[in-house]
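Written out below as structure tokens is the structure these notes cover.
Labels A, B, C and D are assigned to the chains in the order they are written; within every chain, residues are numbered from 1.
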Amino acid sequence: MTRAKRIVRGCLLFLTVLALVMPGTAGAQAKPDLTIALSSFATESLDPPVAGHLVKYYLSLMFDYLVGTTPDGQLSPNGGIATKWESSADHKRWTFTLRKGVKFHNGDDLTSEDVKFSLERAGGKRSTTGYAGILRTLVASIETPAPDRVVIVTKDPTLIIPNYLSRALSSEGMILPKKYIESVGDDAFARKPVGSGPYKFVEQITGSHIRLTAVDNHWRLGAPKYKTVTIRVVPEETTRIALLRRGEVDVTEISRERVGEVEKEGYPVHFRKEEAILSMWWILGPDGMVAPMKDKRVREAMNVAIDRNEIAQSIFAGRAEPAAIPLGLSWSFKEIGLKVTPDMMYPYDPARAKKLLADAGLASGFSLDAYAYQLPGLPEGKAFAEAVSGYWEKVGIKIKLIPVDYPAFRKNWVDRKTPGSIGYFNIANRDWMGTFALLEKMAYSPSKPNDTVNDAEVDGMISQVAKQTDREKINTLMRNSFLRIRSEHLGMPIVYLHSPYAASKKLGKWNPGSVMYDLFFDELASGK
Amino acid sequence: MPAEPVTPDALPLPDVQVSAAREARGRRLPYFSLGIVTLFVLVAILAPLLSPADPADQSLRNRFKPPVWMEGGTAKHLLGTDRLGRDMLSRIIWGSRVSLAAGVITVLIATAFGAAMGLVAGYYGGRVDVVLMRVTDATMSFPVILLALILAVTVGPSFTNVVVAIAVILWARFARVIRGQVLTLMGLDFIAQARIAGAGAWRIITRHLFPNTLNTLVVLLTLQIGYVIIVEASLSFLGAGIPPPTPAWGSMIAEGREFVTSAWWVSGLPGLAILLVVLAFNLLGDWLRDTLDPKLRQL
Amino acid sequence: MAVPVIDVQDLRTYLVTRWGTVKAVDGVSFSVAEGETLGLVGESGSGKSMTCLSLIRLTPRPASRIVSGRIRLDGDELTSKSEAEMQKIRGRKIAMILQDPMSSLNPVYSVGMQVREPVSLYHGLRGKSLTARAAALLAAVRIPAPETRLRAFPFQMSGGMRQRVVGAMAIAAPPRLLIADEPTTSLDLTIQAQYLGLLEELQHQHRLAMIFITHNLGIVSKICDRVAVMYAGRIVEMGPVRQIFKTPAHPYTRALLDSIPRLGARRERLTAIDGQPPDLARLPGGCAFAPRCPKVMDRCRVEAPPAFPVAPGQTSACWLDAPA
Amino acid sequence: MIRFVLSRLLQSLVALAILSVVVFVLARATGDPLQLVLPMSATPEDYAEARRYLGLDRPYVEQYLSFVRRAVTGDFGMSIRARRPVAELLQERLPNSLRLAAFAMGITLSIAFPLGVIAAVRKGTGVDRIAQVVAVLGQSLPTFWVSIVLVEVVAGRLQWLPAGGNEAGLASYVLPGFTLGWFVVAGMMRLLRSGMLEVLDSEYVKLARVKGVLERRVVWVHALKNALIPVVTFAGIYFSILVTTAIVVETVFAWPGLGRLAYEGISSRDYPVIQAVVLTTAVIVAVVNLSVDCLYAVIDPRIRHAR
């Protein structure tokens, strides 16, 4: 059939011409390279104070912290710029001794001036990180008596300075090059950042990837195992897994439901155990809980109506543990000595739920709105919301599912426009210092917008902690706050989520750690 | 010059029977697509009777149950269960109602508005035509998906949002095609005739122009219903389609997309349903166009 | 008598349509000698064009089929030829001029491209010699400034000019037989007369055999040597023009001639042929003209009359003319 | 010809002006961008400060005027989410979308043209039916489903082609390009088929055959060029759609294109990005439509001389 042959040849010709025209970028990168695929980059920001806390997993490679930490969040003198730190007797003057001979990527020396500049910038107007607010209110002044010594003076006595400036929390503690920023300006710095971390910035194509290249012989990692580290944004799970199978990617974020499938094929899966607690709450009205949730029995009924085990096994494919205490960040429980006893766990008891509702005069049930949305790290968001509403429907609570996306939900929650409707969040687990910061935000009525509890007794305890410097007293106050929230059923804890990361078969050992928003890739790349 | 008469059967050529069959095939009704469309409409209407279980009734214990013909399948759930243990067969049956409604309502709105604009632009011509056509072009250049996303983010995704978002863009296609046709009709004498007989604009448009565009409208209508169902599915993928828990084919495929190989039926079966229905509508539209109005060129 | 350029014996071409099988050409026989012009006349739907299209096997696919008959071009049988061989004959041996000049030329290609195409196809010329030959062809059909005209596009030319271009392409080979399918119908009278003159000149110059399809008897009397009257796919009468015009034998021919206004002859009303043209899908038995024939006889309705000789070179398919 | 281009440019400018108002309002209707940028613990003062810093506290009219004044020079302001000039984001993303759209359109043409022409030439036969069904299949499946199946099977299991991103040279264009391309084939093939059917009945095609021109040349030279006009229009419209809103395919194949930039812009209520993308879309559509009109003139001399 000469005609068909002719046409096919025509098309192939067309395609080859097209191919020549297309400037294909570099072929497969040369090994050894570390390529990581994540579902989203949130703000894709390269400037730590600009919402940097959400993207610590690549910022931590480019910048050093004032205070370093181990992967499981303990402060450590050999993880950061500060080799030693101690506070004055009245806990108002914190002195940090800096590591010598640390250079920025552009060759400038890192001195106390840079530390002072970075901390002031982290508290500045432009900063939108999680804990900038507290630094602004707490820090009185910063002195630099010597190139390798910095003294931070606080308005009130406090223990939190080293933690807040450490890798354990947010990105305020990252040290930035003063001379470079002052010469090129904030915007230019935000496009071509210079830090002192083990990896230098190469390239960022938003929506595609961020590429870093190794600094040879960095004090933290020695000779790095990987020449370049590329972090790619791959929104679709199926694509991430296909990339893993093709060997185009060494580490990838996967959903809990597909861990089994990937493990069967022999890919090692690393977990961040209890990376977050999935906690639900009722949006408060102008003056706290609104009916019918004002009645403690209704709150308890809604808690016992949920089968947390079945949710953990089905929606989260067994990669989750039922949680007992609302907002209960489990990593801090060890430090504050809170032991979760079996009787604290909410049982699955629909009969009791119906009885409680009847006692509260709501035998025929009532109706509520519940928001359904996805969240980074919670791809099962919508399915989870539908599942939980299913349980409440079974005990007579008619749920109207309102699909939104997170920003729209947060606006309704913060502005308290729809009191009584239900929202949820996967709150990142953290140490006791961070946990206190969380309680101070979500369980403390004076911090108006984000409160979800509004209980006078809890408020009292939390306000005392802020003024305390005695660890024992702090631990007791925090323990009692959690126990109060639990006994008054002031929220609905669901599960602790384990976050899986699948790796290529030849990746070697890697502990993704448990620090908020940080995956400790530098551990993976460490030459030590 | 052969004088004697030449009788027809003098030459022994065989009398070849022209294959009438091949000629006939082009004309007969497209039984396949008509069948699928009627089945789809019937299932949508009789959903409450046909559906074996409540589409929203979930039981997390037996989620991802395979269809009955696969091992591990149960007769209770002929087509298996989805991620939340809901019965797939019921959800597909109820989903047909939502998808049909979305398709038909959107296309009717778009047709009504688009045809009106097309008729007016075609009939009056001149400045009116230029202005309306510029508006049409501007709307056509506004991407459907972006508008739907903006609506979904502003007032939250809902059935009405999907219908509004698609209809607001789709009418432009109808307007453009109808206007083109009205322009050709205007050139014909019977319009001049009607004017001479004293018919006003309204009478001419409704009595003479509109009936003549019916053929085109019917064809466009059928072709676009398929398009709407597909766009709704893409919107669900982006979280801007018809929201859970309403069972709609688009969102069912979107929700099941992670389990394409592990639990293929969760997104496979609604995908097959969409494929069959949209294929049927498209083929029906093609057949209608070939029989009613072969000259039609539309987007 | 020399071997005729084209000799057709009992040609039948049927069409399969929605309304059943149509006998478009139902047993047609004729022949045309070199330099001779045969007129094919008849109402529309009488099979005139279909007959000629059958000669070059360009009847509409897939509906049509040449059922039977022999077509000999200069003695060479065409019906047994393969499609590739037929394709070599079209334009080279048998050329055709279509009716509507406004749509016979491809609107998106220049006149030059369309005239060069046949010349390069038949004579394998290229480049300058090809252009020169094309320009010469345009000159031959009296188109002024042929070189510049080659660069023009069809829509930039008048109807008459375009029909000349089609004429130029027709004589590119030059062919043995030229079929002109109502070439002047859509031209106004003055241009029509010029074009007919041009055709005669070209025929004389290249000694072409010509078939002239028309429903205009005036043109037939002016340009044709012999004429064949067709009705419902059959030739009902054929013979020299003078003879047929003076002494028409077949009732249909006589009716056709009566319906033309004659100068000088004072007739109040022209006689029209009553009844409808025949439905080719459901032809009655016997003579197709029977239902409309003023002198119809019983036999006419039963048996189709063959062609009877009525005068030297003149035949008529009518039982009235059957030998006693 | 110049007068025509000028009048079209004027019309597009008017349309762009109207669109700029529409998009200015629509962008702000999406909600408050600060919800994503400011941390949960931000106080009302923080919100006020951020609004002032981003210039959102100015009256709407003032914001609109500064937006338009700067947009004319190509400066679309700073993205609220990424804190980088939007123009830069466009420079990064637009070429990727243009290349992918060009590749996809290449695939569409190489499938639709043979299918459309052969279906017309062999109308009513088996080939015609099969061609129709193959083409319509492309439009009967949601593109994201086709993309995911391709990624899972071709890239994941069979490992023939890269799964995502545009780093692997031409190979990374094949799957996304094919998915986008196939979706457009149905419409184009249908147009080409009906166009060819009409042209093949015409007098000049009959004359070409009478001239003894080879059937292949009659179809592919004489007939095809006359059936191109509606196909070119269709290709123009869909090319702009492929460039600007291939969101779904870009998401599945992790392709850093304009579509996803629009999606990210809308979900993070990033007004400058939304405005920039919609205006860029309109400009692309206008430019493509204009070039399509010029293409008409190349194809059909009557149009070339009519302007």
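To be clear about the criterion, a residue touches a chain if its C-beta (ideal position, glycine included) is under 8 Å from a C-beta of that chain, and two chains touch if they have at least 3 such contacts.
Bear in mind that the values here come from a model prediction, so they are computed numbers and not experimental data.
Enquirer: Which chain pair is joined by more contacting C-beta pairs, A-B or A-D?
Expert: Output for the comparison: A-D.
Enquirer: Measuring between Cα centroids, which chain is at the maximum distance from chain C?
Expert: A
Enquirer: If you average the Cα atoms of chain A and of chain D to get two centres, how far apart are those centres in Å?
Expert: Here chain A and chain D have centroids separated by 37 Å.
Enquirer: For chain A and chain B, let me know how many angstrom lie between their CA-based centres, rounded off.
Expert: Here chain A and chain B have centroids separated by 45 Å.
Enquirer: I'd like the Å distance between the centres of chain A and chain C, where a centre is the mean of that chain's Cα atoms.
Expert: 88
Enquirer: Between chain B and chain C, what's the gap in Å when you average each chain's C-alpha atoms?
Expert: So the centre of chain B lies 49 Å away from the centre of chain C.
Enquirer: Spell out, as numbers or ranges, the residues of chain B touching 2 or more other chains.
Expert: Where chain B meets two or more other chains at a single residue, that happens at 22, 153, 257, 260-261.
Enquirer: Which chain D residues reach two or more other chains?
Expert: 31, 124, 148, 152, 157, 251, 267, 269
Enquirer: Indicate the residues of chain C shared as contacts by at least two other chains.
Expert: Answer for chain C, listing residues that touch two or more other chains: 62.
Enquirer: Show which residues of chain A lie in contact with chain D when the two form their complex.
Expert: 3-4, 6-8, 10-11, 14-15, 18-19, 22, 24-28, 43-45, 47, 50-51, 53, 125-126, 128-133, 187, 190-191, 205-209, 232-236, 238-239, 241-243, 245-246, 248, 405-408, 410-411, 414, 441-442, 447, 449-450
Enquirer: Of all residues in chain C, which touch chain D in the complex?
Expert: Residue list for chain C touching chain D: 56, 58, 62, 87-92, 95-96, 98-100, 103-110, 117-118, 121-122, 153, 155-156, 166, 169, 172.
Enquirer: So in the complex, the part of chain D that touches chain B is made up of which residues?
Expert: 11, 14-15, 18-19, 26, 29-31, 123-125, 132-133, 136-137, 139-145, 148-149, 152, 157, 186-187, 190-191, 194-195, 197-198, 230, 234, 237, 240-241, 244-245, 247-248, 251, 259, 262-263, 266-267, 269, 274, 277-278, 281-282, 285-286, 289
Enquirer: Hey, which residues of chain B end up touching chain A in the complex?
Expert: 56, 58, 60-61, 63, 83-85, 153, 156-157, 239, 243-245, 255, 257-262
Enquirer: Residues of chain A touching chain B in their complex?
Expert: Touching chain B from chain A are residues 237-238, 255, 257-258, 261, 307, 310-311, 313-315, 372, 374, 379, 382-383, 386-387, 389-390, 401-405, 408.
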